[in-house]
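One chain, chain A, appears in both complexes that follow, with chain B as partner in the first and chain C in the second.
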Partner chain A sequence: MVDDATPAAENPDAEAARAAPLAWRGSMKRFLTLTAGPIVAAFVLSAVILLLVGVNPLTYYGYILERSLFSGLGLEQTATRMAPLLFLCASLIVAFRAGIWNLGTDGQFLLGAVVAAAIAPLLVSVLPGWAVLLTGFVLAMIAGGLWSIVPALLKAYQGVNEIITTLMMSFLGVLLASTLVKLVFRDPETTVPQTRTLPVEDRLPRLFDTSISSGLIWGLVAVLAVHLMMTRTAFGMKLRMVGANPAAASHAGLSVPLLTMATFALSAGFAGLSGASEILGVAGNVRADWNPAYGLMVIPLVFLARFHGVGSIVLVFFYSALLIGSESAARRLGVPQDFTLVLVASLLICLGLGEYIDYRKQKQER
Partner chain B sequence: MGGLLTEAFLSSLLTGAIVAAVPILLAGLGEQMSEKAGVLNVGIEGMMLMGAYTGFLAAFQTSSLWLGFLGGILGGLLTALVMAILCVRMGLNQIVIGIGLTLGAEGLTALLHHFQFSRSYPRLPAPERLDIPGLTDLPVIGPSLFARHPIVYFALLAVVVLALLYRRTNLGMTLRAAGERPAALDVAGGNVVGIRLAAVLFTGAMAGLGGAYLANIAAGLFIPFMTGGAGFIGIVLAMLARGRPLWVLIGALIFGAALSLTTALQVAGSTMPTEVIQMLPFAAVMLVLVLFGRRAKLPSALAVSYERGAR
Partner chain C sequence: MSTSVAMATETANDLPPVPGAGVIGVHRVTKRFPGVTAVDDVSLTIHPGEVHVLLGENGAGKSTLVGILAGLQEPDEGYLSVDGNRTRLASPSASLNAGISTVFQHSMLVPTLTVLENLTLGAPWYERPPRARIEARMAELKREFSLSLPLDAVTGDLSLGQQQQIEIARALLRDSKVLILDEATSMLTPQGAQELGARMQKLVKGGLAVIFITHKLAEAYQFGDRISVLKQGALAGEMGPEQLKSMTEKQAVDEIVRLMFGREDGATSTEHRQSTARAETLLRIEQLATEGDADVVGLENVSLALKAGEILGIAGIDGNGQKQLAEAVAGQRPVSAGRVEFDGIDITRATVAQRREIGLRYLTDDRLEEGSVGAFPVSENTVLKDVGRPPFWVNGIERPARIAQHARDLIARFSVYTPSETTPIGRLSGGNIQKVLLGRELSGEARAVVFNKPTYGLDLQNIDASRQRISEIAAQGMGVVLISTDLDELMALSDRIAVIEGGRIRGVVDNDGGGEALRLRIGRMMAGAEEHMETME
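Showing the complex of A and B:
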């Protein structure tokens, strides 16, 4: 990069001394164009849209910050909301690093949630608390994974583009989840169609004296485990090979179809776990019309973090704060929550622009 | 369910099939053009939604449906312009930007609609129809096939025109070259970026028109998130049609029928939850993909941005 361009000096020590701050400045510049810049630009772009509809962006952003980060309760809610988002990050990191576009996480998430909500309350009287939660998580993972089998088979053995199949299965999954709640798992004692409720004391334990759900810990573990698996293990290496160049991976003797199936299973399994973490940790039941649609919204975060686990965790924290703040702002300032969609979209677009600028610069320097 | 096969039911089923087929036909034809040129346009859902919004707004403000369609085309075109600049001109990832545009259009239209109409959903007056004398009076098929808004005939005309364009003209060959071997087209003196830009803009215009039809004719009102995957179904149609507009039409009619079963069954008083019925079109798409997915043929340079001299 920058230090490549400096002409070779006669004294190597002096060169090294000069190159070090230059390299540091170079990576700083890259951080600005690739990460900080796009985030700021996205907030500015969205501020323009807020101005257009007659909302003062400073008031709005200020309110969100105050509500989600500078109040004790808000911070606890932000931390709790991170759990399902972190599991989704784990799901997408596996898929994207292996070159699979799993865009169906919404359906997998909801089916996992419904299965967990259907089974766990029934087991409370039979099994000890930890076994109830474990069963709920495992079944949710299986439910999410099962919902990706058709796209996985089609991709692995027929080469059908998974973007379309996972999206279609996602629409189906969302509708199926709602149908299951209405027809099969409905709590007979309520008038609103919803599943039976897991009692508060049987949900995931709270952390210390706060209201933060311990799902947060499991979410963090999931992201870090996936990150290490993809970057440090032979299996992760195989998956990344398939993602980078399927033909080359096949020549190297890897079974591309089987690895593709494994990627789908892992990715969709984590999406199912995400749904379960929200139900077993926070909500306790699923209403028939419940669909938070986190799936597509997590995609820009994972991209912004360049599929890196730790980076994703930092971004999920801020995104979670944004969600909590905007939910409150919808009630208090009358700005519908759909605004977060605009913000996420601007983030994706600014992110792309940052990448473009970086690419052009690197090309000039070469 | 004995009274299901009444004339009213069949008539509403057929009418519904055509009304539901037109937006996905327009979207599918548009998507086909950009896929041919090598751009996988995942943003088409957003373009449709934007077209539905601007189209409805234009029709509502001017009380002219034709200006409404123009507004829809412009809305789709503007959204496609973003895609064209970012993905074709700058070569950014088409899938990421496509998802971004879809999310952005969803958020933006919902936001703007909220600040304009709050929670009310004003309706447009019923559209005028182009009656074909004699044919309209036939039982069952008469009112459903031959008493439609002129846009329906425009969509059918577009199928024929596009089929001729792809098979009989140099432009059609150039489009295919841009999708299959952009480097070869470049060497032969063609303008890869130019033709792809044009194709993406055409997709936007068609999707916008489809969205405007959905809002102004099929529904008569705008509801946030109203496209509900119609654009994605358009992508499936384009993928399965192997570059032939006629197949897009056939596919659109099949999915239109599945979509209209949703409403027809509700009219007939089915007691199933609406979600079960709403699954039909998506289940149909999956079934078709399972059966014929292998036959889907996509251009070899699809979703690969072109840069001269890049390896």
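Showing the complex of A and C:
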């Protein structure tokens, strides 16, 4: 509570000069409690668990680093893996900043992927390459967006909690995607139920002479565009206002239901794009049992980055490295690949603790 | 739980009400919050066998007093006594142990549990609910106080009146000596309120003391044995049982109106503002109506006219349709009938943004929940109503430097005390948030402003500054609709005062500057008495 007649009001310049280094140190401390501290603690905690199962944590972490970042091929794989995760970050940043907890990105992602995988191979003989990709992306975006209409309408006009509706629609979406692959879009020439395959030369171009998919670039563009939209434009400001205080938004004359619908459409659209980027860039087809569950994976990263675009990009990079590295480590060191989940779990626990410590501190300072 | 159930009937017999000796004493209690003295040197004696009404408008300090008795807050000065012994009620359980049960305005029951489960909440976890004993007690309560409750019904399925009965039953099962009912009739139908009144009389006959908090004058007279009137935190007067019995209803109501709305001795005589009204009518409201529901009063047939340079006061006890009127004029609330005209143009269907554009502004009374976004910096809060418009946004792109400059100008012009324009507005005091919002409403081409309780919850210095600002606005030729529950404020500033009650305009009077007769006339209209509209256009 800033009281009337604080010294700041009387002598703002001197106060500001004194406050600047203090504020810097304060924000540094907060960064340590909220971000850096928990990450270090999570690695230490996981190291303890590794020791308990008889693996040298230094070997394990070293191996992950070596395979994902310090080898050319590993780095390329890491960069390629980032693309769909980045689109999902864009999806979640829009939603979370606007106060909408879209937890149904997995269903939206898969439906986008299936639609892209079903349409693109059919168009290859009809349209030029760029038009095939563009159509695939647009249709995937529409498919993802359509899958959020029910939760969006329920939230905007009935106030139904979107956490529950999006999660439930996500389960349905995952099953629908698999059903579509088996019954409608199945490639008649294969025995495994999967869609037709987009030939490698018709997929998103690779970057330079590497194996990195150019989906990475589009993902980066998506996250940065969303970040700028939310922080620098009138539309973003309106969405943030609805997120922070819907009553104030309608007081200021904004249509909260329409903005809520727009948020859902954008968020689910990006999730659909994410699915398309994985299919049109890397996989080429969708198998009926395929569900990487990237959507839920990205949520902690976006939280850790405080919904900040650049922060999300950095974290997605490290997370992709972890995924790629642990895949190799699993093969080499016998640590199950699911150990990444142990790491993520300890990270979440430590983040929660950091948040709690910060909350206690802030309360004391008041 | 078990002991209290067993002892329940004995206490009433063992401790017959001793006349004159209070079961609870409030001794010179003062409670301050930042910027406001909520309870100011109040002394009360609560007698067993009486319904003691605490009457006062919103913000008069009733809720704080309830909080102190319920153990939620402790007094800064003064003390409480129970049965003549000085006591500290440091926690809700201390209050319960002292025999004080509180039924709060909003239900404190768990809607998904059954009635029986709600009644036994708070018992030790290892005990099974003593169903047989509670059933026996409930049968007794039913005979004595006609409290009839289906023990196995799910609480959320019951009516609000029945839920309140559960809370009363819970208090009786706890063997309380004092029952506090905080705004207990606000959720009830008129018939439910009558039933509650009859029940309170039965309860006090059994030796209980009931403290009944209300802002409704008629209820105070009908249900109360003793009435204490609170005004701006201080005790404005008290009427004992003998005094009440000796008066006719009309005399009693007049006396209560005088206590509630009369000018108290020693109050600074506020100077009456000179009228600056001009000839042209700026805002015309004709037979306006809005939908109401269980919680919200609907407007009915509201007609008002506002001239440029005029201050039209809207008097009324809180919750009688003031907010709905303000929102309907601002375009925030759908109108079911009637029309609103601004400067000769029909704006009944215009959006909030269109109305703001032509100069009609609305300063909400809900500074935190509606007026501002607490987590946003002061600078963004100054332009919340201009999102997307030049010069702060050009082609949809934000111009942070211009917004910051605008905010700094506003901070300087309205003397907002804040470390900087980047401070989240939620960290500012209420008075400073109010200044920011006022600055926001007056920026650009403002021509008429609806103020909803502009000084509510502010400290004296800020109240004076706000009132000064309002008369300046009128002097500049803007029209002002001033909604307030503070009659002194209205009498000091307004050209005319309209009184709203139950969503209707009960009358419009010319303000001659604070004659006692006028004040009481307004007070009676606020309490619901109809009056011919004498000065309507």
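Everything below uses one rule, namely that the second predicted complex is superposed on the first by the 333 of 366 C-alpha atoms of A that agree within 3 Å, B and C clash if a C-alpha of one lies under 4 Å from a C-alpha of the other, contacts with A are read in each partner's own complex, and residues count from 1 in each chain.
The rule is simple: contacts are C-beta pairs under 8 Å (C-beta built on N, C-alpha and C of every residue); 3 or more make two chains touch, one makes a residue touch a chain.
Predicted model, so just to flag it, every value in this text is computed and none were measured.
Chemist: Identify the partner contact of A:251: answer first if only chain B is touched, second if only chain C is, both if each is, neither if none is.
Modeler: After superposition on chain A, A:251 lies in contact with chain C alone.
Chemist: Should A:187 be classified as contacting the first partner (chain B), the second (chain C), both, or neither?
Modeler: In the superposed model, A:187 contacts neither chain B nor chain C.
Chemist: Thinking of the overlay built on chain A, is A:76 touched by chain B (first), by chain C (second), by both, or by neither?
Modeler: Neither partner.
Chemist: Which one hits more chain A residues, chain B or chain C?
Modeler: B
Chemist: Of the partners chain B and chain C, which touch A:241 in the superposed model: first, second, both, neither?
Modeler: second
Chemist: On the A-aligned overlay, A:297 touches which partner chain: chain B = first, chain C = second, or both, or neither?
Modeler: It touches chain B, and chain C stays clear.
Chemist: With both complexes superposed on chain A, which partner does A:232 reach: first (chain B), second (chain C), both or neither?
Modeler: A:232 sits against chain C, while chain B stays out of touch.
Chemist: State whether A:344 touches chain B only (first), chain C only (second), both chains, or neither.
Modeler: So A:344 only meets chain B here.
Chemist: Where on chain A do chain B and chain C both make contact?
Modeler: No residue of chain A touches both chain B and chain C.
Chemist: Help me check something: in the complex, which residues belonging to chain A touch chain C?
Modeler: So the residues of chain A in touch with chain C come to 1-6, 8-9, 12, 15-16, 19, 231-235, 237-238, 240-241, 244-245, 247-248, 250-254.
Chemist: Provide the residue numbers of chain A that touch chain B in the complex, in ascending order.
Modeler: Residues of chain A touching chain B: 49, 53-54, 101, 103, 150, 154, 158-161, 163-165, 167-169, 171-172, 175-176, 178-179, 182-183, 296-297, 299-300, 303, 335-336, 338-349, 351-353, 355-356.
Chemist: Using the touch definition up top, name the residues of chain C that touch chain A in the complex.
Modeler: 34, 331-332, 351-353, 356, 364, 366, 369-376, 380, 384-385, 387-388, 393, 396-398, 417-420, 423, 427-429, 431-432, 461-462
Chemist: Report the residues of chain B in contact with chain A in the complex, numbered from low to high.
Modeler: Residues of chain B touching chain A: 40, 42, 82, 86, 90-93, 95-97, 99-108, 110-112, 114-115, 224, 228-229, 232, 235-236, 239, 273, 275-276, 278-279, 282-283, 285-286, 289-290, 293-294, 296, 298.
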